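Chain naming follows the written order as A, B, C and D, and within any one chain the residues start at number 1.
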Amino acid sequence: MMVSPLKTAVVGATGYAGFELTRLLLKHPRISPPLLFSRQNDDDDDPMQELAAAYPEISGNGSYPLRPFSWEALAREGIELLFLATPHEVSRAWVPEALQRGVRVIDLSGAWRLRNKLHRAVYGFADADSGIVSGIAESAIYGLPELHREQIASAQVVANPGCYATSIITALAPLVSSAVVDVQRGIVCDSKSGVSGAGKRPTAQTHFVEVADNLSAYSVFGHRHTGEMLEQLQLQDDQLWFSPHLLPIPRGILSTIYVHLKKPMTEQDIEDILRGFYSNSPWVRIFGTRLPQIRHSLHTNYCDVGFNVANDGQRLVIVSCLDNLMKGAAGQAVQNMNVMWGWNECEGLN
Amino acid sequence: MMVSPLKTAVVGATGYAGFELTRLLLKHPRISPPLLFSRQNDDDDDPMQELAAAYPEISGNGSYPLRPFSWEALAREGIELLFLATPHEVSRAWVPEALQRGVRVIDLSGAWRLRNKLHRAVYGFADADSGIVSGIAESAIYGLPELHREQIASAQVVANPGCYATSIITALAPLVSSAVVDVQRGIVCDSKSGVSGAGKRPTAQTHFVEVADNLSAYSVFGHRHTGEMLEQLQLQDDQLWFSPHLLPIPRGILSTIYVHLKKPMTEQDIEDILRGFYSNSPWVRIFGTRLPQIRHSLHTNYCDVGFNVANDGQRLVIVSCLDNLMKGAAGQAVQNMNVMWGWNECEGLN
Amino acid sequence: MMVSPLKTAVVGATGYAGFELTRLLLKHPRISPPLLFSRQNDDDDDPMQELAAAYPEISGNGSYPLRPFSWEALAREGIELLFLATPHEVSRAWVPEALQRGVRVIDLSGAWRLRNKLHRAVYGFADADSGIVSGIAESAIYGLPELHREQIASAQVVANPGCYATSIITALAPLVSSAVVDVQRGIVCDSKSGVSGAGKRPTAQTHFVEVADNLSAYSVFGHRHTGEMLEQLQLQDDQLWFSPHLLPIPRGILSTIYVHLKKPMTEQDIEDILRGFYSNSPWVRIFGTRLPQIRHSLHTNYCDVGFNVANDGQRLVIVSCLDNLMKGAAGQAVQNMNVMWGWNECEGLN
Amino acid sequence: MMVSPLKTAVVGATGYAGFELTRLLLKHPRISPPLLFSRQNDDDDDPMQELAAAYPEISGNGSYPLRPFSWEALAREGIELLFLATPHEVSRAWVPEALQRGVRVIDLSGAWRLRNKLHRAVYGFADADSGIVSGIAESAIYGLPELHREQIASAQVVANPGCYATSIITALAPLVSSAVVDVQRGIVCDSKSGVSGAGKRPTAQTHFVEVADNLSAYSVFGHRHTGEMLEQLQLQDDQLWFSPHLLPIPRGILSTIYVHLKKPMTEQDIEDILRGFYSNSPWVRIFGTRLPQIRHSLHTNYCDVGFNVANDGQRLVIVSCLDNLMKGAAGQAVQNMNVMWGWNECEGLN
């Protein structure tokens, strides 16, 4: 029996994550070429353009027009799944209408990731969690398939996780949930990210001369992804320290995570917990005591996890790596789509 | 006899070249700490600030306030030499008044480098070369001390050369002026520059993710520095090809230059011409047939020149390197100041 | 009718080109997983190992054992096509036996690329072009499908081109063969390459600290790839200048090529010649007057070509970019395999 | 009264730290140009050479011959201070003889930094701490002037600290010594270093292609510098976690340090402790709550320290930066020389 391919659309295909997503969708075997929307009323007067104008790397294989977004166009084309690679304010404003129109959404922004209003406050949403919005916030599913596979399968709105959060939650969830971690002593998460995580808009912070030959810490004790980590790992605010750093590389994240164990454990104990937890998760690779490096997972959808245990058996360092545009954004969005439509989780990602 | 130190001022100390210049001037043994001016009516409401706010690297050794520019402040402080590290339109507008007030100027922009009106056209000056401006344009001296040492010594306005132009003119002047080059066959200049040459303002072109892991050619047949090269080397438009490229490094220029010789020459012949021409020039190093690399001259005021001759003795490749912020901008400005005041050319540059 | 998949083997899978090739072959839809051979008597005592030990990035999807090379193993497994990603001396020594055994070969080294004994001299082969070797040298086909598609289809030995040579020949062949270039005035080829082109063995030249923040020219007038360019473009020694440079990036080549035209031509003329020549070549993209950059073709098999014409209509600058490990090595080898077996040229390369 | 300049010698001037040291010594106003020794019986047959052959960047200002080391040459030239930029085994073997001959030593290796035999074990010295060696080990002074200024002044052997150790001890010493840190809860030190810290010898780990676009953790729970930190901060083994990482930059270290405070403190409290501790230390800059970045201290002898306090007032993150070749090696060695001879600590370092 022929199954007709899924119809999808992407808003924000010219950003780094949106472009990566578009490339993945164009190669996915079970969907039609996605419709590419720019947001209406963009800065330039003639928002309609060709994606290859912004990204010559995809030229040579056909045309990829960007059209101004409208709900009418969406309806006319029969779009069933909408990917939002948009600022969180836009995602916040658009998702209610998408749901009303019966379109499922995978949102790559931070708009719908948080349940706790205090955590949400860092985004300063203008809607002040009004009725309908509150309902969506409650029903949106946090799109980490390794944790929420079943709920994602039937979700209307999937909140695709933050890149830092993915690297840290993936590393910690097996250990925290198996109750071997002494969370009272605090978990330190020291993360380092490539520059594409900061977005495509040119700023003083992303100027080549400021980033090259440099490393800088930022948003210590105040990064927006912290709330996701706390909620997903069910930790208290003062139990997790998160310090992000800006690396002089285009893409990739490495998180070094420091954990006290409640009682002495062997390396085999730790490896067993990790392997057990992810036995059905094709996109997490357990490296054991050989530590993963950023380049191992670049341009893949893997999150790689390795670790070392101190001689005392009670101090554990976990290293977790991923590509912030793949498992940290676009790859994970495709993985979520696969789960939502009941396809193999690896479809279109190899 | 005590000589009182020279009083100088810098406009534009927060740009890359202006900051490098400020650091050099602060260590120069014969001058007072320079006055640092920001341009009036800058974007932010309170233009007065501390240089260390923009460049924490100079903190810890005192205070370097930036004040809004005014001619009155300049007069009150008795400034004798004004460095302009400003956009060329600003330099164009301000130099006439500086001269009227008897202040000598070293201008780091392209405003006063060109004699030929056709070459000047690329800058599109609004003044349309009015009377006084024309006079200044004629009397301004091109600030390459290796070529114009004597005229610089008595100049009122020194037009500090472009970074690319310095690397190419330094390599070619000895050979072109000794008439061994077959200029009719064309001279190819393929230059590669670090990103600081593009300035500090964040743009799509200087975003880390666009520059890293990349190389791009730009402004082929149309770069503004071409006029300087043609005028200083006395070449016709079609005798010199200049193609700049943007390197994924913060600073440094390497120019690879391809020259046909009129008749076969040995490597020793070439080396003799180069060494003879620069025998009294401490800031040009002749590497002979060992080719210089960008890192050899980084953070120095040297222009390094090496070369290879083909077996046929008639084809010559010259490689020239310099630090675009030093010999290509701020270092050369200090060298020019040294020449203007009759000091040793190396003063304050080691 | 089921066609049984092609059986291939790779020698040298742990080098940069060999590993890239292995990854491509593992995903190719028409072949069996390739046998991976290390060369016998390698330095370490136990040469048998797992490819993932050297390249953790491919772990997680099965096992890729490396076995010591033997002709017996090759025969036992029924290998029909042997890829040699080996030093040129090894390729030189092994190809005669492969041919005797009826195995076709794609050789990624420089061993079989040159017809002219003078050009070949730079490799200093010990065999001194003995009888059988001479025969192979004459019959080996230069593996640039865009030039020699038909001969490759029936070749026993395909000499996969050098990375620099591919970038320069692809740019120049259409223009030189259409006789619009004034070759007497000389063609200047200024190429810049990422470090993977220098191979995986650690040397002083590939140490991170020597390469980073740097650019260096090397082998000016003496690079081994020059012979390939001269032979394929049918130029005299003194008609082509080739200067390679080492870029501080892992991969990618950009060549800037300077050409005198015999008579004035328009941009459209040039574009027509390029598009006409490559109308049936899916792996060459003509960018027109928008110049390609290195990152546009990274991780693809494209060679991108763009150009600018001077106002005089007689001076042409061509910019050509490719990924040295893809179109410059492994991708081109797969493209050659596709041609040899009559498959679509793009098979396994998208 | 004229003071005759100090006579010094450097062994190991061709390594990264040794070369940086040589450049500093050549500009130091109170010493003669240092004698440069290579170690005898080096790999190459003719060890005598010119430093500019290895480092063309210092050419153009005179000759810097490297001579084979001998005690006789040292005595003949009247050397009073010997800098050893040598492997720790060499430093271990040579220092006893230097002391016997009355020559003071600043050793840049790890040979004499540790008092605790268990910590020393990681170096695996062949001498097994024999009598004379034990005595030296006890009397050698750890060369962090900010902690041991007085003892360094009269020391015969100064053990120049490790680069990582300097960054971490400088950040922690004020807080640990003022007893505000809850050391029982563990101190996490996550450090990131440029590649020059790994030395000049080419290895698989320092190959450009392995380092670029990458980040990797290494020697977690097992790095040699850990012993220095524990001894200088008087901590127990399990109270300090140290994880170094290799950054894709040539030089610079950033350490992010996580500390639990015994009771809530304000940012002002922390700043007061840091400023008080370093009030007489010109080479430590306290940034307050603005975090230092690696580029701020590059090419300087500063160690920069900034910090952030969590809202709960009990969790403190300190960020410490330095140039591993300057404050982390050669600059600190010159600072130690200044202290040993009673000169201003900044002499020759600005």
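FYI, a contact is a pair of C-beta atoms (placed from the backbone, for glycine too) under 8 Å apart; a residue touches a chain by one contact, two chains touch by 3 or more.
Model, not experiment: these values are computed from the prediction.
When every chain is reduced to the mean of its CA atoms, the largest separation from chain A belongs to B.
If you compare B-C with A-C, the chain pair joined by more contacting C-beta pairs is B-C. Averaged C-alpha coordinates give centres for chain C and chain D that are 46 Å from one another. Once the centre of each chain is set as its mean CA position, chain A and chain C turn out to be 37 Å apart.
One inter-chain figure worth recording: chain B and chain C are separated by 41 Å, centre to centre, where each centre is the mean of the chain's CA atoms. Shared interface positions of chain C, i.e. residues touching 2 or more other chains, are given as 212-213, 248-251, 293, 295, 298.
Those residues of chain B that touch chain A in the complex are listed here as 16, 195-196, 200, 202-204, 206-209, 211-213, 248-251. On the side of chain B, the complex with chain C involves touching residues 185-186, 188, 190, 192, 210, 212-218, 220-221, 237-238, 241, 243, 245, 247-252, 254, 256, 258, 260, 291, 293-295, 298, 308-312, 314-315, 317, 319.
Note for the complex: chain C touches chain A at residues 27, 56-57, 59-60, 212-213, 285, 287, 290, 292-293, 295-300, 302, 304, 350.
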